[in-house]
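These notes open a run of structures that come right after.
One chain, subunit A, appears in both complexes that follow, with subunit B as partner in the first and subunit C in the second.
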Partner chain A sequence: MYLNRFVNGEGKYVDDIKFDNMLYMSIVRSPYAHAKIKKVKGGLNSSELKAYYAGMDHAMREPVLAIDEVSYVGQCVAAVFSENRYESEDLLNSVEVDYEPLDAVSSIDDALKKPAIHDGMKDNILDTEDVGNKFNEKDIDYDIKVSDTLFMDRISANPIETRGIIADYKDNVLHIYASSQSIHRLKGGIMKTLNLKDDEIVVHHVDTGGAFGLKALIFPEYIIAAYASMKYKKPVKWIETRSEHLQAAHAGRGIKADITLYARKDGKINGLDGTVYLDTGAYFTDDDLVDLGNAMHEVTGPYFIENAHLTGKYVLTNKALNGYYRGAGKPEASRIMERMIDLLADKLKMDIADIRIKNATEKPFKSPLGFDINYPTKPLLEAALKHFDYYNLSKKEKLGISLFILDEDTAPGESCRITVKDGKVKVYFGGDVSGQGHELFVQEMLSEEFNIDKDLISLDYDDTDTLKDGTGTWGSRSAITHGSVLMKTAEIIKNDVIKKFGKYDKDLLLDNEFNEYYYYKIDYNANSVNFNMVSCDVNDMNSIKIYTYYDLGKILNLKNVLGSIHGGGLQALGETLSETLRYDEDGQLITNNIADAGLLTADKIPQYNIKIVENNSEFPDKAKGIGESTMIGIPSALARSIELQTGKRVTKFPIDDLSLFNKCME
Partner chain B sequence: MYPDKFEYFAPDNIEGLEELLDKYKDDSKILAGGHSLIPLLKLRLTSIPYIIDISNIKALSFVDYNNALEIGPMVRTGEVASNKIIGDKCKLLADAASKIADPQVRNMGTVGGDICEADPRNDLPAVMLALNAEFEVTNSMGKRTVKAEDFFKDAYTTALESNDILTRIVIKNTENYYGKYYKYTTLSSDFAVFAIAINMSLNDNKTVKDIGIGLTNLNSTAVKPVEVENYLKNKKIDDRVAGEAFNLLLKSCDIEDDVNGTEKNKEKILKNIFINGLKEIYEVL
Partner chain C sequence: MMVNINVNGREYKKDIEPRMLLVSFLRDELNLTGTHIGCDTSNCGACTVLMDGKSVKSCTVLAAQANNHEITTIESSDPKLDVIKQSFVEENGLQCGFCTPGMIMQTFYILENSEDADEEYIKKNLRGNLCRCTGYKSIIDSVKKAEEKVKGEINVSK
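This part shows the complex of A and B:
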């Protein structure tokens, strides 16, 4: 079938692309978490390329190549180039760098205690912001107050295909071939940093082997490669090694929260207050705002809490920068709430489902933290509990549950082009696919819409020239944004047929040529209500059972849905049990390979009991999102199932307890 | 992989190998299955000018039984796990080999490579200690025999000199023995957090006739807790005896807090595994 080319090794990823006279780039990286650079000699360094690459002109943004100082292990200091990749690795030794090591800050707690890591700052707090309505506890109706600190440690995205780029400057145009979730965003970032005009750069999308949010970002290595190609007038390729990825790729999570809930004896929560900290790493990036923004605004989730206020703190550490990771603040927000509501239930000796019912809603609402919930949350919760027979099953099994809102990043919409030529239909999206299998729903939807065979339809790749505008693939948006723009564009093509021939039939379509581009605008973020339940026996890894009750609106393609749940479920187990990046006191990475970084392999895929409900959305294709749901719903429910058996409350992710799930091999 | 430059040789007989080792000495290294050496080269943690691949030397790949089990060092780990003679004569070795990594690694990794690399996390050194194995070591001057307990010196350090070749593994403690390899891992890695190899035989009166124990990743190299072995000989195994044996066992261990967990947590798990393991093997016999 169509996707078999990936399985058969016929995918064409960045590293499969080769040009004549191509240079390979290798990067001299900082071995220190924090040091002054006394001298750097050799390679391409900041004495020649002095630039900053963040989208916003923030004072603490990262230089493309270190200037006078390094602030994390793996920071780019210089670049070397050779037509032979082995030789470019050998050339790393030709660059001389004298460092004077400085004290390093390797955690949020450390950062709050120690002196500022950057000159010109009084401490390590980059910024502070408040959301919600500040309230005085005397003014609210409560009988009980519970407080706790929750921590979600950093995780590296670790797609199977690491980061990579080819920059090819020819005829005064910079061509970029990149593994990316959004070539349009990448184009904007490179243009801004290197001061290029719109017609001086074209970014081409190529096969992308996983992204998980990371590949929506721009990286210093990409700017260096682009600059070098313009300088040497040759194609320049950079492919990240796994070691570089673990060390230097922007990492997700890294959220700590001190939270207090105020509730009445009957379980009704009337107040939430606290502080949420984001480990930004060594420099500011635009994605910090999204991650901490989501992690704060979405905390109260599906529950109506009249008084809610949070203070957010962006905390600098001597570590690689913060970035997006599947959910980007949404899983953190939900986990904060779900772990706190379980604690409150325990204090009040209430059932964890009853307390959720008490706080769920009959109507859509806007939370005091500024989160618009489009649907009532109680009906879905009650339906899910009933469907899985929660109240009976919870007498026999140690169940954790999680009710959550999936906030789908639908704004500002998406673009699509459909072409019909030589009896074939080709589809191009402005938001680039990164290995999730969009091909499947494209074929399913268009074969129905056009009444033609699936194998006449293919999803092809665009570049920023052929598709002038586009957004990206992230935030559980594709089912809605890509599905809807696909339907809209297909309608336009059908109308073209009707306009030309007075009627539509498939032969009139396939025997002629059509080419239509459309941008479907959406000016708000949609959302949906979802539920997870988890049971397990802490002595047996194979016992983990994940119950999902997701409202997906209309299912566009069932394989896509199941693939997202199966893979995402495993990723969620990793995040809960083992997956993280760990640093020592000096800011050196300890988890230097994917086994130590706790990635789980396919043999750990749990059992699933999947129920999908289809309450159609308001969008043209009637779909709702799914991409981030597993990461939001599963970890807190699994943590609950575990703590019921160990008697030790879970506040830290990953739980990372060697004695859990008896790992003595049989 | 992008290692430093090296020169590659693949002799097809032992004499050719001896010649190369004599010529390049410390600048050379034998490549068997490559599952330790290649990652080190790839990450440029080591640089070796002359790599000598021994996979073409057929004389290093055999399994025989003549009053003792004899195994060539180039037998692949997967073969060790599934070979019928090994399975019949030495349950411990077959069990341990089946617990190394995954099928792809077992298809390439070799019994000799696992032993000679002496990574403290490798599984077979402890198994060789528990089995009281003997190693035939060959160089251009001749052959000698080294006992397993004299072989493992420190992390990545053995009794082999730069021109020595492990040519035969001899295991005599096979008839009437039963053994098992208790390996504890993390969820994400096949390497042992720690492991215990136990090989045991009983007298007619149900007391322990002989026992061999080897410990993986509980010290800087694989260790043989001789004091524990001696303590258990001629005793019946019950909770008290097993508990006392564990207290002695701890003397051979150097457990530290690390990325896998705290010393306390590891010690607790180790105790359970050791005591249950001793009892399980005793009951099978």
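This part shows the complex of A and C:
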């Protein structure tokens, strides 16, 4: 069982793997946010490896090693290698780089005012996108208009295991071992960048020490290690230091929004428009489209708003690239809406629950921004308010609430292989687990389905040969995608037993050998309705109370569910109160260790009041998603609880007010 | 330089560079990869081990400083450590497992050095160990469970 492996220190993470003659790679990184490179001498640099990475083609992709110019602190300039880890770091000093510093842009606001950071561009807007129906305010029915600017600063994913890779080129095949949420996506990215054929690369999954969206991505360091292994014909290992992580790992959030709501005086919202900006960082990556896409399409969330239009702007800054962080645009979208609806309630002197009831939808609908709402949201809101006795409790506690849709990234489905041999059942998922504890629900579901002991079932490491296709773990999808493909593949195995022996029993299964692969296709993204409420006393960190009313469909494993709520709950508090990456006006990162990045410690955990409802989904395992819900629902509700006490409206995250909670956030 | 370090009850004599960190000695020289590196700045506690029974962060201790000292790591077969490990399994006190060895070694230290560790004491003494997955709740429950079991065994043996 995986838990035993980990408590005994027997996990197999990428840095635990050693090969003979292995080289350690260290990276010479830019100390400047923006500079011309006048000279690079030594190491592997772009005079030899000139390549651009990203899953998609785009004119502004990042070179894997800087070419003539650096555009953020931490950008890869050269790589050095040694058989000794310490010596490879010593070799960093052997590379000579001459820089000529240039003016830098360190924020969205800065970027909108200053000249373009890249030659050939007229300004720092990389791309612009419009969603929704553009409306004229004369044409809609409204009495009041409220506008505000919201800002959610960048957050580093900071899994406790940093990024890492081993590239091992042998017998004309590049073997990659990586800490990853999706080895198939990683394979595609490396193939595209290094122009490899499908049969020239195999990616192997290893234990992954947390990921939170980040490890779904492809990075320049991975390409450099792969290239170096092919060049030196030796295994090459790169393990990121925490300083490198803070500087260079693609960072999440970084969203600013100027929003206006148009409402009648009874609270009914009839229009929403504005502009949403993404801090893209210095170059394009594919994840920009997902982050800003979610942050725009999902803004109207659970509410029936018939007129909505947003302009999205991808803004270049002299910072590390944008990346996924738990929620990837979904928490931002919800926070924009929930903060605005609270503002509207205050202007109209309405209760924050009443105004939500007024706008929640009674039927499924497609929002003007293109977000499909599959379920009515009003019934769940009313049930949640009743369950927590909101109207009475709000007289005693300072309550913030949040109603939201969890958009589950179920498309395009997932793959699974189940093998039975020597009395053991092994499961392989094409979407790689990154430490969320999938083995718990795999054992629970299969032991029931096959009528066998949990101990006989394990979730094993896969590679891109074992499973030719696969997706990943992200977007709150696993409960649906992995659970459903597991059920489907198990059914096929059971049918194999029946076909062969005329009936099913567990001994016929375990005494024989079976091996089946299945890809369960889902061609749309499912979604679900959820609710959070938060109260606190701003003088006491331990007073924070999180009320959770989530519709999870069928619960696959309660430990998985609670782990997700408690873990995500604390991340949500961190995101609201303290977590960020701070840059000075020259684009220098001034957050210099993991504590500085604002991660919360064990003495800061909140209290929970958890209610789970189980309205089955339409999928084979009847489950609904959970992974990102806490990140979506908790921050705006906590912000509301805080502003009710301080009298200062919260529009910026993290709130970062050191006077809160008896200065324990200092 | 030559060092003689006792790790989990066994003596290791090795010729090492004076600058080698204890965590590198454990992981690279002895192949004891259960001790992890998470931050290099002694903030995260993934590398926590015991030196002469005291918890230290092995990413900021030189192997040379451990010369002639006793180191206990997650690979130790100490029976009390086994009780703690089992409690973490039962309470699901982990998800990705990366911070787990450090958490368990710090728990070992807490239980060895406190007669009656209440929840506040446990939380305070876990502040130097970061977990990004669990939100600590199940970890604190694991420590409490381990404490109950350890106390129970002491009472039985009395």
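The criterion applied here is as follows: the second predicted complex is superposed on the first by the 660 of 666 C-alpha atoms of A that agree within 3 Å, B and C clash if a C-alpha of one lies under 4 Å from a C-alpha of the other, contacts with A are read in each partner's own complex, and residues count from 1 in each chain.
Here is the rule we go by: a contact is a pair of C-beta atoms (placed from the backbone, for glycine too) under 8 Å apart; a residue touches a chain by one contact, two chains touch by 3 or more.
Computed from a predicted model, the values in this text were never measured in an experiment.
> Just to be sure I read the superposition right, which of the two partners does A:162 touch: subunit B = first, subunit C = second, or both, or neither?
It touches subunit C, and subunit B stays clear.
> Touch test for A:659: subunit B only (first), subunit C only (second), both, or neither?
In the superposition, A:659 touches subunit B alone.
> Return first, second, both or neither, reflecting whether A:207 touches subunit B, subunit C, both chains, or no partner chain.
Touch status of A:207: second partner only.
> Regarding the shared-chain residue A:595, is it in contact with subunit B (first), subunit C (second), both, or neither?
So A:595 meets both subunit B and subunit C here.
> May I ask you to decide whether A:11 touches subunit B, subunit C, both, or neither, giving the answer as first, second, both or neither?
second
> Let me test your reading of the model: by the given contact rule, A:90 touches which partner, first (subunit B), second (subunit C), both or neither?
After superposition on chain A, A:90 lies in contact with subunit B alone.
> Please indicate which partner A:541 is in contact with in the superposed arrangement: first for subunit B, second for subunit C, both, or neither.
After superposition on chain A, A:541 lies in contact with subunit B alone.
> Which chain, subunit B or subunit C, is in touch with more residues of subunit A?
C
> For A:173, is the partner it touches subunit B (first), subunit C (second), both, or none of the two (neither)?
Neither subunit B nor subunit C is touched by A:173.
> With the two structures laid over each other on chain A, which partner does A:498 touch: subunit B (first), subunit C (second), both, or neither?
neither
> Can you list the residues of subunit A that touch subunit B in one structure and subunit C in the other?
85-86, 243, 594-595, 599, 601
> Flag every residue of subunit C that touches subunit A in the complex, lowest number first.
Residue positions touching the partner: 17, 19-20, 24, 27-28, 31-41, 43-44, 46, 73-75, 85-86, 88-89, 92, 94-101, 104, 122-124, 126-140.
> Going by the contact rule set out above, which residues of subunit A touch subunit C in the complex?
Against subunit C, the touching part of subunit A is residues 1-11, 13, 15-16, 18, 85-86, 158-162, 207-212, 239, 241-243, 434-437, 440, 559, 562-563, 565-571, 593-595, 599, 601-603, 605, 608.
> For subunit A, which residues count as touching subunit B in their complex?
The touching residues are 85-86, 89-90, 243, 541, 574, 577-579, 582, 590-591, 594-601, 604, 657-659, 661, 663-665.
> Within the complex, which stretch of subunit B touches subunit A?
2, 4-5, 43-44, 99, 182-191, 193, 259-261, 265-266, 268-269, 273
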